[in-house]
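Paired with subunit B in one complex and with subunit C in the other, subunit A is shared by the two complexes that follow.
Let's look at the complex of A and B:
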């Protein structure tokens, strides 16, 4: 039943999904503390797009902001889903790794600096192919280094979601924040249909995509740490919460034996109802409520 | 070419370790063994096809859920063993078709499995294990991110059977709305698009290209030569920073990755002022 209070909450919501990458990053910082680094006026754009008749963008679809979140030093790196599907190219990739590496250098010098990565991306930018894939490997390497000193928080709100190699970057982060509109997975429906056939995955089936990759399912399985509404204050709150929590005792992607045994226990002779796995894994998941 | 995925992996794993059997409890698709390499006792890992693998979409040399978690477990095993002693080198022999593209895989969170392997490899490197990737065949997309791309040093053979790329040719052509011929032509002038390993070498990500007459059937002399190259790469990795900066500071990267270096310089400068 929808009460009038629910209705008011809904109407008062400040949509995060409607913000662009710059708006999303800025919304996380304490008022008046953030500053954009290597922004559009620095004009560092991709050198590979124009020669392929693709119009580049002067921030390469990646926004870096430094400032304070809940009074603590932090950097946010947001991918712009509206530019080339948020894809990782040489420049956007280097912006992300350089920002994370600098946060790491400050942390090692005694000024713990958290990183928030806002991922709306289909993965590697195919016009930059091998430099994109290389950039993803470097982003992962930099997250692994920083997360020893300060938490790395991944926020995927939608609507692009987080796919391809960048889903590994999400998974090695300290915490993952998702909305119901977000999707997180390695291979998107189109790619699976193309590689393994329509019987394996019908990419026209929107419900299936959300049932498997959707934020609610990922959180329910214990593969994400918070499920939030599409509401800017709520998302900023979740980020502050995880920054205050600090580095987790063990990262999810380091819990190899737990997940290896779960995979070993699965009956692979058939496809599974996503709810089955949610029931089987959710109870022992590393999600917030169960800590 | 792709139907031979795994042949070279097995050949080279055997060449270095004298055998090609999985460790007890592991799937047949992941080979792990420790073997002498110079003065070290190195851990070798390789993913190979298993036509009877439990997961139907991971039977042709793809890196799937079981492969990824097995790699992660076997890498973490040596991290634990060596935590109070000299960190042994870890050698990833790479000949992988791609990640596994399946519904089961997505449902059970292959993104986390792949990340667990990348985490284990990257963490081993950060713990001081020299991590070397030797690309003997294909190293495609998520397959390479899962197995090998966290290495301090990447070596590859310089022949047509070696391919490092973000996506196989046919799919990349379809998605970027080009023909395969157009894509190949573009690759001749735009290095990151190329499927030719010699163009990949221009990006600066690679430590060294090695030549072997027939990588599917190496001579004893060639095996010795490649072993010596691995030993040199290990010594180099041990003497330099454990991060991946060599990939943007190499002579080739200073040419091809000018934009990366420009971004980094600007970010450092503005970071100090912010």
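Let's look at the complex of A and C:
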């Protein structure tokens, strides 16, 4: 039942989903501490799009900001989902890699600098092919280096979600923050339908997509660390919480044996339902119990 | 992609630049910065071909009211004339904040 209090909560919410990449990144920093690096007026755009008849964006759909979060040095890199599906090209990839590498250099010099990556992306930008693939590999390598010194927090709020190679970047980050509107997965429903047929996955079945890739399910299965409302202060709070928490004792992606045994134990001869899977993986409790 | 350029007379200098919008489907980004010389310049890159006259009509109307000396870059992915005008007006508003 919807109470008047629910209604007021809804009305008072400051939507994060309605913000563009720049607005999302800026909303995470302590008031007045953030500045944008390599912004649109620096005109570092993709050299590959115009020659393929695609209008470029001056920041290549990647916003980098440096500042303080919860009083600690941090960098945020936000992908703009509305520009070319948030895809990673040569320039956007280099911006993300360089930002994380600089955070790493500062951390090694004794100034721990966390990174927040806001991923709304379908993965590699097809127009930039191998350069995009290279970019994803570099981003992952940089995250793996930084996460020894300072936490890397992935925020996927939606509505694009995080798919393709960049879902691997999400998976190697220290903490993942999702909303119910977010989806996270390696191959998106459209790609699976295209490659394996509609019998394998009907991408028009949105309930199925969210039952598998949706933020609530990912969190319920212990594959994300926080499930938050589409509310800017709540998302900023979650980011501050994980920055304060620091580097986790063991990263999810290092628990190879645990996940290998879980996947090995799944009976794939029958269809699992989402709730059953959450129970089997035993991770639908508090957000603190899955690390 | 089509590239279109226009210039318009200007009367006063401006001091602040502004960036608004995203190059998303049916959308555009506008970069507005202080211009040089005597006339304002507009550089457009649009994914939609063949609308030069429509662009001219929208910008004629915009510069009928606006007299700042600016250099405007528009990167467009199919914005309607209405959304182009709104983004231009938003850019002016941000530059005057």
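Convention: the second predicted complex is superposed on the first by the 283 of 291 C-alpha atoms of A that agree within 3 Å, B and C clash if a C-alpha of one lies under 4 Å from a C-alpha of the other, contacts with A are read in each partner's own complex, and residues count from 1 in each chain.
As a convention for this text, a contact is a pair of C-beta atoms (placed from the backbone, for glycine too) under 8 Å apart; a residue touches a chain by one contact, two chains touch by 3 or more.
What you see is a predicted model; the values in this text were computed from it and never measured.
S.K.: Once the shared chain is lined up, is A:182 touching subunit B (first), subunit C (second), both, or neither of them?
M.R.: A:182 sits against neither subunit B nor subunit C.
S.K.: Per the contact definition in the header, classify A:40: touching subunit B only (first), subunit C only (second), both, or neither.
M.R.: In the superposed model, A:40 contacts subunit C only, not subunit B.
S.K.: Let me test your reading of the model: by the given contact rule, A:98 touches which partner, first (subunit B), second (subunit C), both or neither?
M.R.: A:98 sits against subunit B, while subunit C stays out of touch.
S.K.: Identify which of subunit B and subunit C touches the larger number of residues of subunit A.
M.R.: Touching more of subunit A: B.
S.K.: In the superposed arrangement, which partner chain does A:257 touch: subunit B (first), subunit C (second), both, or neither?
M.R.: The answer is first: A:257 touches subunit B but not subunit C.
S.K.: Looking at A:74 after the superposition, I want to know if it touches subunit B, subunit C, both of them or none. Which is it: first, second, both, neither?
M.R.: It touches nothing on subunit B or subunit C.
S.K.: Which partner does A:90 contact after superposing on A: first (subunit B), second (subunit C), both, neither?
M.R.: first
S.K.: Which parts of subunit A are in contact with subunit B and also with subunit C?
M.R.: Touching subunit B and subunit C on subunit A: no residues.
S.K.: Tell me, which parts of subunit C touch subunit A in their complex?
M.R.: Residues 1, 17, 19, 22-25, 27, 29, 31, 33, 45-47, 73, 75-77 of subunit C touch subunit A in their complex.
S.K.: Which of the residues in subunit A come into contact with subunit C in the complex?
M.R.: So the residues of subunit A in touch with subunit C come to 20-21, 39-41, 50, 53-58, 61, 80, 82-84.
S.K.: Can you list the residues on subunit B that touch subunit A in the complex?
M.R.: Residues of subunit B touching subunit A: 54-57, 65-66, 69-70, 72-73, 76, 98-99, 101-116, 118-120, 122-123, 125-126, 141-142, 144-146, 149-150, 164-167, 171-172, 174-176, 186, 189-194, 200, 203, 205, 243-244, 247-248, 257-260, 262-264, 266-268, 270-271, 274.
S.K.: Along subunit A, where are the residues that touch subunit B in the complex?
M.R.: It comes out as residues 35, 37-38, 42, 44, 46-48, 51-52, 64, 66-67, 90-91, 93-95, 98-99, 101-102, 124, 126-134, 136-138, 140-142, 144-145, 148, 164-165, 167-172, 184-187, 191-192, 194-196, 200-201, 212-213, 218, 221, 223, 251-257, 259-260, 262-264, 266, 268, 271-272, 274, 277.
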